[in-house]
Amino acid sequence: GFAKVDHNRAERNGFPEVIFSMGKTPEQVASIMNTIYKHSPIVLATRATQEHYKAVQELNPEAMYHAIAGCITLGSPSTALRPYKVSIVAAGTSDIPVAEEAVVTLDAIGITTERVYDVGVAGIHRLFAHIESLRQAQVVIVIAGMEGALPSVVGGLVSCPVIAVPTSVGYGAHFQGLAPLLTMLNSCASGITVVNIDNGFGAAIAAGNICKAIHNFTD
Amino acid sequence: GFAKVDHNRAERNGFPEVIFSMGKTPEQVASIMNTIYKHSPIVLATRATQEHYKAVQELNPEAMYHAIAGCITLGSPSTALRPYKVSIVAAGTSDIPVAEEAVVTLDAIGITTERVYDVGVAGIHRLFAHIESLRQAQVVIVIAGMEGALPSVVGGLVSCPVIAVPTSVGYGAHFQGLAPLLTMLNSCASGITVVNIDNGFGAAIAAGNICKAIHNFTD
Amino acid sequence: GFAKVDHNRAERNGFPEVIFSMGKTPEQVASIMNTIYKHSPIVLATRATQEHYKAVQELNPEAMYHAIAGCITLGSPSTALRPYKVSIVAAGTSDIPVAEEAVVTLDAIGITTERVYDVGVAGIHRLFAHIESLRQAQVVIVIAGMEGALPSVVGGLVSCPVIAVPTSVGYGAHFQGLAPLLTMLNSCASGITVVNIDNGFGAAIAAGNICKAIHNFTD
Amino acid sequence: GFAKVDHNRAERNGFPEVIFSMGKTPEQVASIMNTIYKHSPIVLATRATQEHYKAVQELNPEAMYHAIAGCITLGSPSTALRPYKVSIVAAGTSDIPVAEEAVVTLDAIGITTERVYDVGVAGIHRLFAHIESLRQAQVVIVIAGMEGALPSVVGGLVSCPVIAVPTSVGYGAHFQGLAPLLTMLNSCASGITVVNIDNGFGAAIAAGNICKAIHNFTD
Amino acid sequence: GFAKVDHNRAERNGFPEVIFSMGKTPEQVASIMNTIYKHSPIVLATRATQEHYKAVQELNPEAMYHAIAGCITLGSPSTALRPYKVSIVAAGTSDIPVAEEAVVTLDAIGITTERVYDVGVAGIHRLFAHIESLRQAQVVIVIAGMEGALPSVVGGLVSCPVIAVPTSVGYGAHFQGLAPLLTMLNSCASGITVVNIDNGFGAAIAAGNICKAIHNFTD
Amino acid sequence: GFAKVDHNRAERNGFPEVIFSMGKTPEQVASIMNTIYKHSPIVLATRATQEHYKAVQELNPEAMYHAIAGCITLGSPSTALRPYKVSIVAAGTSDIPVAEEAVVTLDAIGITTERVYDVGVAGIHRLFAHIESLRQAQVVIVIAGMEGALPSVVGGLVSCPVIAVPTSVGYGAHFQGLAPLLTMLNSCASGITVVNIDNGFGAAIAAGNICKAIHNFTD
Amino acid sequence: GFAKVDHNRAERNGFPEVIFSMGKTPEQVASIMNTIYKHSPIVLATRATQEHYKAVQELNPEAMYHAIAGCITLGSPSTALRPYKVSIVAAGTSDIPVAEEAVVTLDAIGITTERVYDVGVAGIHRLFAHIESLRQAQVVIVIAGMEGALPSVVGGLVSCPVIAVPTSVGYGAHFQGLAPLLTMLNSCASGITVVNIDNGFGAAIAAGNICKAIHNFTD
Amino acid sequence: GFAKVDHNRAERNGFPEVIFSMGKTPEQVASIMNTIYKHSPIVLATRATQEHYKAVQELNPEAMYHAIAGCITLGSPSTALRPYKVSIVAAGTSDIPVAEEAVVTLDAIGITTERVYDVGVAGIHRLFAHIESLRQAQVVIVIAGMEGALPSVVGGLVSCPVIAVPTSVGYGAHFQGLAPLLTMLNSCASGITVVNIDNGFGAAIAAGNICKAIHNFTD
C-alpha cells in the first residue's frame, strides 16, 4: 500500500520500525501495526490518540493503550534484557508524559525501568535521596522543561551514560523547549548526550541500544 | 562638548553616570571622567582598555586600573554602605572577568563584597561549602556561562535576592550567551532576576540599589 | 502521590511552593494546594482557570479566585511585611493580567501594593503624575508589552530597585514578547533586572525577597 | 565598465545614485564618483574609508571627507531646500557616527539640519530641553542603540514625521542592533517608521523625500 | 476607570488616541470610544471584531463597521486635508485587509486615498499601468506579503515618500512576515521606511503626519 | 592519504569531485587536484586563495587562478555542451565575486555563459534592456544581496528555469544573507529554486545538470 | 473585480496564473478560476478545501478535487510534454500531501510523473531499489521532513537536476520545517536546488520549466 | 589559588576534571594540569594552543601535544578498557580536527579507537566499505558539518549506540553548525543522541561512559 514497511529493521537496528502516529489516520496506524505484528513479537506506536487506539483495537483486541504516554503496544518483548535497568528522572510533574513515553518504549524493548519524578533543581535535596539507586542503573535518562538544569546536576553525580531530554514545558522565553535544549547541549557536566525536544521515545531507544551493547559484549 | 553629562543622576538614581568606554576614544573617556569627578567623590568607567587608562591617568594620576575587570576608578566612595554584603558567585574560572566587573562596581558604590568562584554545578559540593556564608549576604549575584544552571541551584538554597548574569563563555549552540540567558529567564527557582549577557556592571548596580533600599528604610 | 511537595521550601526560600496550574488537572491542583495548606497559613496557585478553582473550592470552600490574575489563594499571610510597599506600574490596559498576577502574589506574601496602570511612554506625562508616589516604594515592578520602553524611563527617575516584566502583548515583529524582553535586557537605565515574559509571579517573588532582605536586616 | 550607472535616477527619484563604498576598491569608488559628477552638481559616497577618499581626491582635489560619518562629497547642492529643517536626535555618544551619516546626506541634499545628541532616556530631562526646537522641524530622525526607546518618547511629544534608526551599539542580547530594531518596529507611539540598523543614510533620504514632497506641493 | 485616556494626544500628536481592540472586551472598547468621542469629532478602533462593533453600536448607533479592515469609526474628520492624496498599493489579493486598515485610518484623518491592488512583482506590467497616478500622490504606502519585493520596485519608480508594510501572508520560510520585513529593511531603493508586520494603521498615521507636515508648512 | 577521493563521481554525477579549499592547506588542495587530474580532463577548486594557487601551480604550472571568483582550474572541458547558454544576472557590483564563481564553474563544465551585471531592481529599466537575450538562455542564474528581489522580477519575465543565489552583501538586518535567502524562498514568481548563500558554485552545477538533461534527451 | 488576473502569464512564463486559495473565499476562488478558464485549457488552484471545491463545482461541474493534494483542476493540458518524466521521491508517509501537490501540478502541466514514496534514509536500501528508474527521469523532486537528509543521498546517486522540498513534518527542534530547509541548503551533494517549506507546487513548476527547456531546445 | 580543582571527580564521574583551555592563560593551564597530575595517572587539556603546550611542557617535559586535535596530555591511562572499540566516522576532511579531539580523549580514557574519515553522503559507497568494521564497535561517533546527514545513514545501518557531533564546517545558511545540529536532533534514525557543535570531547566522554557501563556490568 502507501507505506513501505522496513521489515528487516529489527535485524539491522535491533528493534522493529516504530509508528509515529501524528499525521497518520487511525486506519493507517492500525494497518501498519498489523503488518509489523506479523513479523515481530512486539509493536509500538507513539504519539497516538484514543482514536488511533480504537482503530488498532478493532483489528487486535489485545492491543494496550498507555494514555499518559500516548502510546499503543501490541504483544510483549522477550525477557533477555530484564537484568538491565534504566532510571527515568523527571524534573516537574508536567514533564511526566514525556517520561512515560520513555518508560513505555523501554518496557516494549524489555528493559527494567525505575521512575524518579518531580525532583527538579529548585529543591535539589529531593534528588539526593535517590542517588544510590541511580548509581545502580546502566543508563539514566533525565527529562526537564523550564530551564533544563537537572541533567547537569545528575551528570555531576553519576558515572553511567546520561541521556537528556528537553521538554516543551514552559512559557515566554522558553520558546517551546529551545531553552532547555540549549542548556543541555551546553552542559558543563561532560558526557551528557541530548535528543530532540519531548523525544522520550528517542532517549529510550538510545538507552536500549546501550543495554544491548552491554548484553552483546557479555554474550 | 560632544557629551551631555547627566550631573544630577546621582541625586535621581543614587550613583553618578558611569562611562561605557567601548566605542569611545581614550581622550573622550578621560575628559568625561574628569568632568564628572568635579561633581562626585567617585567615578567609574567600564569596558576600558589600557589605552583608555593611560589617557585618564595623564589627567588624573591617582586613577586606578582594574585589569581583569576592565575598569578605571577615580576617587573613593563614602563608607555608609560598608555594613551590607553582596556575594559574587561565579561558575567557572573563565567567568571571572564578568565577576570582577561586578566587584569593582560594588567597591565603587562602597558595599562589602565576597568572592565565591569556580563552584559550577558539575561539582556542586564545592558550592555547598559556602552556603552559610551566602546566607549572610544581603544579595547574591550568580554568574555563569556554559549552560548557566548555577543560579537555579543557588536560588533553591538561599532566601535573599538573587541576580543572575549569563556570560558569553561557551561555544557552538551557546550562541554567545543566549543559552545561559534563556536558562536563567526560565529558572524554576522563582524570584531570580536576570541582567544582560556579561553585564556584571548592571548586576552590581541592581545589588547596590537593593542595599540602598535597606539603608534608606532603616534610616 | 505523583508529586513530591517540597515542604521545607518556606524555610529555605521564605515562601512555600507555589503551584503552576498550567498542564495540571483541577484535581491535581486541588490536592497539592490541600497538602501544602496543612503546613502553611497561605497557599497560592498561578495560571489557574475557573475549572481549577472549582476543584479547589470543593475541598476548601474558603478558597478565593482572582479572575484577572488567574490565581487561586487559600488562607492569608502574616502582617509582618505590611510596612513595605511595592508599586506595580503597567504600560497598557492589555498588560493588566500580568500586573495582577504580581499584585495577588505580593498580597499572598503580605506586602502592601500600589497599582499604577496605563501609563505607557506614548503619553509619558501620565507617568510623571505618579513619580512622587513611586519614589516612596521599596521596589518598583514595571510591566510592558509592545516595545517595552517603560522600565528604562522609570529606571531613569527612581533610585530604588526596578524589576522589569516583558509581556506577550503585541503582534508581528513582537515575536510573543521577545521584543520587549530584549529592550529590557539592553536598558540604558542601569540596574534594571528582568524576569521571563509574562512572569508577574516571578517579579513579585523577587520584590518580596527584597522586602524580606530589608525586614531581616532591620530586625 | 563594470558598473551600469543609473544616470536618470535623479530624475526618477530626485537624487543621483549614491555610492555604497563597502566592498568596492578605492579606484572603483573614484571612477564611479567621477562619472556621476559629470551629470550632477553633487555626488555622495557613504561607508568610505580614508583610502577611498585618497583615490577620489586624486581625480577631484575639491572632494571632501567627512571622517566621523565615513562619507565623501563632491560639489554642492542647490539652495532650494534650505527652508526645510530636519532634526537629528541621537541617544548616546556612540550613536554619533550613524547620526553624522544622516547629517552629511541631508547636507548633500541641501536641507537644513539640527543636531540634538546624547539625550537618551536614562536622563530624559535632557531631551525635554529641546522639545520646542524639535517641534519646528519638518521631520525628526531619532537614532538609538542599546534598547532603542528614544523614538517612542520623541514620537509621543511631536506631531511631525518621525523616522527611527536602530544602531548596532550594544552587546550581549543586543544582537548587533536587533534589540532596538524590534523596539522601534513595536513602538506604541504610532506613526513612527523605521529603517535598517545603522542606516543613517536611508533615514536622511526618506526625510529628504518628505521635504521635497512639501516643496513640490507648495510650488 | 481602568484606562487613563490620553486626551491631549490630538494636540500633541495631531490625532486622538486610537483604540487597539485586540485583547479588550467589547464593553471596554465601547466605553473608551465613547469617552474619546466627547472630546473629538472622530474616533477610530482597529483590530475590532463584529462583537466589538455590536457593543459600540449599542452606545452610539451611528458607529460604522469596516469589515475587511476590522475597524470601527465614530464621527467624521474635518475636510482640511482632502487636497492631499495617499496611494495604497497592495501586492496580492490576500494583502487587502492590511491595505484596508490603512485606507480606513486615512479616511478617518480626512486624507484622500487611491487603491492600487493586486499588482505584485510576478506580473510587474500591472504596476506600470498605474505609475502616472502614483506619481501624483504625496505619499505611497506599499503593502506586500510573500517575499515583499514590491516596495523596492515602487521605490525605484517614484520620488515621493514610500512607506512599506510587510504582511504575514505566506507560509514556510515566511515566518509570519519576517521574510518581507527583512526584504523591506534591506531595500536597495533608498529612502523606503518600514512599519511592523500587518501594521496598515501605523503606515497610515505616518503618511498622515507627512500630509500634515505639508499642510502646516504651506499654512 | 587523509582524503578518500570519490573517483567515479563524474560517472555518477556527471562531473568530477570539486575541491572546497576553505579549511584545507595549500598542500592538501594541490595534492587532491593532482590526484583527480589523473582521472579527469578538468579539475576545479573553489574558495581558493593565492596561497592555494601557488602550491597547485608548483605541481602543475599550467593551472589557472581566477582571482575574483577565488577558483583554480586545471585542464579544459570537452566542447560537447557549448551549444547551451546560461545567463548569469547579478544585482550589484558587490555580488560579482559570487557571479564569477558561477561563471568559472560553468566554463569548467564547458557551457557557454553570458554575464548581465549591475541590473538591480532600484533601476529596473537596466534589466529590461537584456530581456531578449535572457530569453535565449537555457537557464538563468540570478544573484542578489541586499533584499534579493531581482529573481522575482526576472522570474516574472522569462519561462526558462531560474536559479536564485542570495549573497551575504548587506548589513544590519541582512544577517549575512538571511534576508535575501528568505526573499527568494518566498518568491511569488513560482518555479524559482534557491541555493545556499554565496553558493555560485552550486547554482552553476545545478544549471549544468539542466543543460546535460537537455543534451542527454536530445541525444 | 477585486483581482487583476495576469492573463498573458502563460505566454511569459509558460503556464497560466495559479490560484493560491488560502485566505480567499470559495466564491473568490470559483470566480477567478472561471475567468482564467476562458483563456486557458487548464486551470489549477492549490491549498484548496472541500468548501472551495464546492463553489468551483457549482460554476463548473467538470472541476476535479484532488483531496490529498488539496488542489482543484479545471480542464486538461495538451499532450506535448508527455515524453518527459519527473520522479517524485518522498521520505515518509506524512510527506505525501506535499508530494501529491507536486504530482497534481505536473499533471496539470501535462508531464509524466513517477511516485517513489516512503524511502527515507533510516532504511536507505528501500531507495536503492528504485535507482535505475530514477536515472531515467528528466528531473527528480525529493521531498522530506524530519532531518531532510534524503535529497543529499539521492543527489549523490543521480546526475539529472534534483529539486529538494523540505516539509513541516516533525516536532521540537524541527521548527516547522526549518531543520530540513537548512539541511537541504547545505547539502554536500552539489547541484541540489531548494524551494520553500511544503512548496510541492513550486518544485513542480520548476521541474516543468526544465522539461519545457528540453522541449524548446529539441524543437 | 584561583581555581577549585574538583579532585574527587574521577571517583564520582569516572574520569578526572579535564581542562578547557580556551580563555585561560598558558600558566593557568600548566598549573591546573600539574595539580591534577598529582592525583591522577592521566590528565587532558582540550582547545589548547602551542602556547599552552609550551607552558605545560616547561613544568612537565613528558607532556605531549596533539596538534590537529588541539589537545595536551600528561601520563597514560590504565589498560583496563582496551578490549572496547569506538569507531569515529567523519564526513569530510575539514571535520578531522573535531574527530581527532574525540580520538585523543578516548586514547586518554584508554579505549581502542578506529578512524573512518571522508565518507560523507555525497559518495555513500565510501561508507559502505566500512560497515562490517563499524558493526564490531561498541559505540560509533559520527561527525559531520555541511548538512550533517551522515549520522542518519549510519544510524540506519548499525544497532550499537550512535553519538552524533555537528561541526561548524560550512557557510551561509549553515549558521556555524546550527544546520547539522538541527539535522541530527531530528534524525529519523531513532536512538541517535547528539552533543554540542564541534564537541568531539563530549562525544568521547559519552562513548567512554558507555564502554565503562559494559565493563562494570561484566565485572
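For reference, chains read A, B, C, D, E, F, G and H in written order, and residue numbers begin at 1 within each chain.
What we mean here is this: a residue touches a chain if its C-beta (ideal position, glycine included) is under 8 Å from a C-beta of that chain, and two chains touch if they have at least 3 such contacts.
These numbers come from a predicted model, not from an experiment.
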item	value
Mutual neighbours - chains that touch chain B and chain G alike	A, H
Equivalent interface to A-H, taken from D-F, F-G or C-D so that over half of the residue contact pairs match	F-G
Comparison of E-F and B-H by number of C-beta pairs in contact, larger one	E-F
From chain G, the most remote chain by mean C-alpha position	B
Intercentroid distance (Cα basis), chain D paired with chain B, Å	36
Separation of chain C from chain F, taking each centre as the mean of its C-alpha atoms, in whole Å	57
Chain A and chain F: spacing of chain centres that average the CA atoms, whole Å	45
Multi-chain contact sites of chain G, meaning residues that touch two or more partners	12, 122-123, 155-157, 172-174, 178, 181, 185-186, 189-190, 196-197
Pairwise chain contacts, counting only pairs that touch as defined	A-B, A-C, A-G, A-H, B-C, B-D, B-H, C-D, C-E, D-E, D-F, E-F, E-G, F-G, F-H, G-H
Chain A-touching residues of chain G, taken from the complex the two chains share	93-94, 96, 117-119, 122-123, 126, 169, 171-174
Chain F residues within the chain H interface of the complex	2-4, 6, 9, 12, 17, 20, 22-24, 28, 166, 168, 176-178, 181, 196-199
Residue ranges of chain F in contact with chain E within the complex	91-92, 120-124, 146-149, 152-153, 155-157, 170, 172-175, 178-180, 182-190
Touch list for chain A against partner chain H, complex	12-14, 18, 84, 138-139, 155-163, 181, 185-186, 189-197, 201-203, 205-206, 208-210, 212-214, 216-218
